[in-house]
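Below: one structure in structure tokens.
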Amino acid sequence: MSISSQFDSGNIEVRDASNPSDIRLAIRHDAGGVFMQWFHFRLHGVRGQRLRLVIENAGDCSYADGWHGYRCAASYDRADWFRIADTFYDGRELVIEFTPEQDTVWLAYFEPYSQERRLDFLGRCACSPLVQVECIGTSLQGRDLDVLHIGSGPRQIWAQARQHPGESMAEWFMEGLIERLLDAADPVARELRERASFHLIPNINPDGSVLGHLRSNAAGINLNREWHAPTLAQSPEVLHAQAAMRKIGAELFLDIHGDETLPYVFIDGSHMVPGYGERNLALQAAFLENLKRASPDFQTEHGYRDDRFTGEMMTLCSKWAAATFGCVALTLEMPFKDNANAPDPRTGWNGARSKRLGAAFLQPILDHLRLLAD
Amino acid sequence: MSISSQFDSGNIEVRDASNPSDIRLAIRHDAGGVFMQWFHFRLHGVRGQRLRLVIENAGDCSYADGWHGYRCAASYDRADWFRIADTFYDGRELVIEFTPEQDTVWLAYFEPYSQERRLDFLGRCACSPLVQVECIGTSLQGRDLDVLHIGSGPRQIWAQARQHPGESMAEWFMEGLIERLLDAADPVARELRERASFHLIPNINPDGSVLGHLRSNAAGINLNREWHAPTLAQSPEVLHAQAAMRKIGAELFLDIHGDETLPYVFIDGSHMVPGYGERNLALQAAFLENLKRASPDFQTEHGYRDDRFTGEMMTLCSKWAAATFGCVALTLEMPFKDNANAPDPRTGWNGARSKRLGAAFLQPILDHLRLLAD
Amino acid sequence: MSISSQFDSGNIEVRDASNPSDIRLAIRHDAGGVFMQWFHFRLHGVRGQRLRLVIENAGDCSYADGWHGYRCAASYDRADWFRIADTFYDGRELVIEFTPEQDTVWLAYFEPYSQERRLDFLGRCACSPLVQVECIGTSLQGRDLDVLHIGSGPRQIWAQARQHPGESMAEWFMEGLIERLLDAADPVARELRERASFHLIPNINPDGSVLGHLRSNAAGINLNREWHAPTLAQSPEVLHAQAAMRKIGAELFLDIHGDETLPYVFIDGSHMVPGYGERNLALQAAFLENLKRASPDFQTEHGYRDDRFTGEMMTLCSKWAAATFGCVALTLEMPFKDNANAPDPRTGWNGARSKRLGAAFLQPILDHLRLLAD
Amino acid sequence: MSISSQFDSGNIEVRDASNPSDIRLAIRHDAGGVFMQWFHFRLHGVRGQRLRLVIENAGDCSYADGWHGYRCAASYDRADWFRIADTFYDGRELVIEFTPEQDTVWLAYFEPYSQERRLDFLGRCACSPLVQVECIGTSLQGRDLDVLHIGSGPRQIWAQARQHPGESMAEWFMEGLIERLLDAADPVARELRERASFHLIPNINPDGSVLGHLRSNAAGINLNREWHAPTLAQSPEVLHAQAAMRKIGAELFLDIHGDETLPYVFIDGSHMVPGYGERNLALQAAFLENLKRASPDFQTEHGYRDDRFTGEMMTLCSKWAAATFGCVALTLEMPFKDNANAPDPRTGWNGARSKRLGAAFLQPILDHLRLLAD
């Protein structure tokens, strides 16, 4: 039996793999040593063996409470990901027990989304006459920051994903949103392309994604605390995105995330941003209502408390966008675990459900544009 | 150059094909000699030739006015269907002019949907654990009347298509609705499967469909005038469907159609049915409103006058269902031409757009179920 | 429980289906009443029931001996076909016993190949710049006789399939041969397209195929006994094909068949045709040798005796071609059962294996062309 | 306009990209500074502009003569790769001129094959009951060295690819060979799986492949000069492979490569290895003859001189295998350019043609096994 993680978004430290029924592992910190929780590794030579894997430093992770109720994602073919029922957290260690049916099995915190997948997806999109692909700059390690420009309408809509690179559901979401927006037969997409111009950043933290980080870029910086004052030295990803955004403006801003703890899909709005105004409050409330109708996976009961980010609020992307553009700016959070209102024991929340949510977003966005037009 | 139509839903009579720039054609009547307008044929040996096809009896067709503004559907590969811009109607003849780019080209009144495609589709569905396939009887010529039963909820929802076999868009619609309803990752589908039991008849007139009829079954009977008193001798398709429906009941009934004349998607409701009641009126109005939000291809401005069917009203399927089950019962009409509110010059209204509409229907159906539950 | 067969190539007569453990069936004769053995039907409402189906007139079929060792083909989704192990023949009745896992199951003598599948396949081919599609005439019932012309070389190669319509493996074979011949990256295909011009008739008996016949066209005529004197009245399929062949000539001729009795792939050559000559004998021997190397499914040990067709020899297609064009002309036979040299208990011989054999034929054809060029 | 290469197998140094009609580039050395010739980069913001790219250090590359007659590979979607006709080499610089049709275009020395593609491919294979996946060790940077074990026969056959990581055609070849070997309907594959056990290493230098190297691993070591004495410190890839090979033995050994200079597919045999013996000489000659028949892309006229590797001969993989196992051991070389005997101006030699060659190899391997059995 052996374990490896030298691939896109791989992350594990093998402390002792000599005993299949007591494999001792640790999650590697993001660069900078502040964050950790994402893991992704491959097990070899394990068919038919009862395995017990122990992540020894689970209790030291960024959102250790998130392990309660969490079940590990696994795949034999890297396409179909299922959850391992026997995943336990005792407040210190995360224990994963199962008997693989194949020689090789992949385990991850969540169904991964690789750079190669994104580049292939961009390649397909780029050949659509409906799309312009623009590289607005590069990350610290020199990876492209790609924006897809779709539509020809006067309203400007931005969406970006994976500031926190371990939240791969965010990129699945973007794939779903973009695929539907390019569907020539979909009347919602068609009206959207006429009413607005979309500016979509599938991955704003490509370094952190490849490196297997949870929350930070190659320098260990949490990009979603940089929007007040990004720098070329430590957060060029934000700096470049802001420049592009300022040039174009925004009448709706979406920042796509995952949440380690809450087993729900929810939105953190910008109502606490000074000067947000009555109109945006009303538009935001309408957006949430309309999204709830378009996707039963979305709900408004569970979410962050309004004072969660008080001190650092203006360092956050969506709050910055709300203040800068005076528009509705929303942070979407999807679960690492499952939607407790509609659990799927086999898959938990996964890439496919994130894609459907991305597609469903077109509906409240259209409603938003119609309200703007009124 | 030669012309053939001996295949599923083929329909044309070649009067004179000796001159490519003046090909004289006629549409064949449905059995019974009452209806005609559907056509579907194949041209051979035509690459690079300027063709002029004249359908001489266009003016005698069932909905001759429908030819105004109509453009012929065509395909080289039977998968991608486009419209022929140079389609003209002078009140008597329909003239189609174009220069094929391939040896062979297929022409049809609308993108066809064959029996083999349905059987293959049923085959795929049948292997889903979410589906039960039931044969509720056979047509006059012995073809199966298949119902897909999906979902386990207490509300009973029926949808059926292609009473009028020339309206192939109706079967594309069903494919779209069914595919989404079986999508394991779609939360709307999931909630629907929990709240209701669906009973879906993709094609209730399989004989007429294969025979290339416009409006009738193998005996030339318009099934949508038989619901007051179907008989085994001339409308067993309706008789069998009614029996199955009565056994199960209905809390929503959808009958899917195409309309030859109006370039819009619209619904003919059952508000004119005696005893429909306030609640159904309100539910029906809500359904239309919710559908309009879910699909910009749907509209409520253009449609049939309420007195269109007065004398024969109770012979129609959806009116019969409204009266029998006391539920909301709707007739959906899609255009043979295009949606004039969102025209697509290349394709007109087509199979893919019909499928998207079928998928979009899940939203107002869910809204309906929630209202029922209130 | 019910049984139906009103679809492409359907064939069964239900004598008594009242008792699932003793379903009494009969195969319907081809038109003309001479031939029968093909069957194809669908069972409804059978999930989880132990079925016993009895084909009562199996012993009266054209090749009754062929039932020995035969196992019925079945499919739940019309895509994956498997064999039913418990198929027995007692010299009079064929008994099929199994417990379906789905509501609906399809049974057939062999994995079917429908007209719609052919038309879709032709549609895809027609859009390749490497192909010209020609309709060389129509069948008795007006179905197209399509020829695919592929390649630009000086040697003329003909292949045709399904004279005997119940031999659907022959059309799978053609699909495999044609797909490989159109593969832009395959060097064998490429050299073939440069050395020769191929003229390929995927189905020369489209009526019989749709009608669910075993061996004859719509008039009940065995086309492979018509090549000495075809007529417009009873064998237009042969008449039209001959005219096209005479115009072009042939330097290799392949007629693709299935055999009811022998569990082997074999070729019946034309060495018994007067005047075949030493060169053709040598070329034929080389072809068989080269095919054996290219496809281990082919063998030369088992086959027809040379005197099998003595009296009627010149009425057969390949013998007629050998005599007319002075070229190597071969009749390929594939089993309805399995290849006893390499049996696959799950599938028996099937469509996929027939396709691989069609693809493998490119090798001996290339060898043949090289020998011709020497 | 901008240029990037921070992705799997990316390699370029941008010296001056300020002027689209004179973009100055250089290829980056492999680690160790000895080798260079592979390049792979992406251009942004270039739609509709006439570009002139100059690789300034082309003349210093490992096989500078290979640039003569070479045309750059390019793709808009990363799936369809074409060649740029206006690629020129003047003995010092390589100049590439073209006008991209899309915003973004990818350029490479040859159609790339990424680690993610391999891992996805392994994932699909791993779920076949015909395959066992084994990790035999890791590379210098910790990437898995995967072997696919296929088949259950007594003869041991090894194939490996991408010792030289810039030769991505070698991995396409492996994909083609493996896909065919797993085809349940292919009788050649089936007989092979019965006669032999295959041990297939799709990529024996995964570090060099990701790093965009031409010929070496992460330490800059040319693995194909290490087989006499591999070390854990600088060539663990060879060390681990040798260990696995010695345990199993070999009766045929294939090492898959690309050649920068010759526009032909050829094999460098092991006849110059002392003690190769008459039998292996005959078997090797038969293999080449049989491959020539199975793939017209293969030829025996052009190739390496027998004394090419004299001094270092025993450091080469296939020679080592010949000496160690006393078996036929072959080095396959495919062109970076095209097969001059069958040129395809649009694609040159590419991934698809490499895959077809891999599939065609099954034929001479089967012939080899039959000869061994005699």
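As written, the chains take the letters A, B, C and D, and residue 1 is the first residue of each chain.
Assume a contact is a pair of C-beta atoms (placed from the backbone, for glycine too) under 8 Å apart; a residue touches a chain by one contact, two chains touch by 3 or more.
Model, not experiment: these values are computed from the prediction.
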Where subunit A and subunit D overlap in contact partners, by chain label: none
Farthest chain (mean CA position) relative to subunit D: B
Rounded Å distance between subunit B and subunit D, as computed from the means of their C-alpha atoms: 54
Euclidean distance of C-alpha centroids - subunit B vs subunit C, Å: 36
Separation of subunit C from subunit D, taking each centre as the mean of its C-alpha atoms, in whole Å: 41
Sequence positions of subunit B contacting 2 or more other chains: none
Touch relationships between chains, expressed as pairs: A-B, A-D, B-C, C-D
Sites on subunit A touched by subunit B in the complex: 183-188, 190-191, 293-297, 339, 342, 344, 350, 352-353, 355-356, 360, 363, 366-367
Residues of subunit A defined as touching subunit D within the complex: 2, 4-8, 42, 44-45, 75-79, 102-104, 106, 114-117, 119-120, 122-124, 126-127, 132-135, 138-139, 141-144
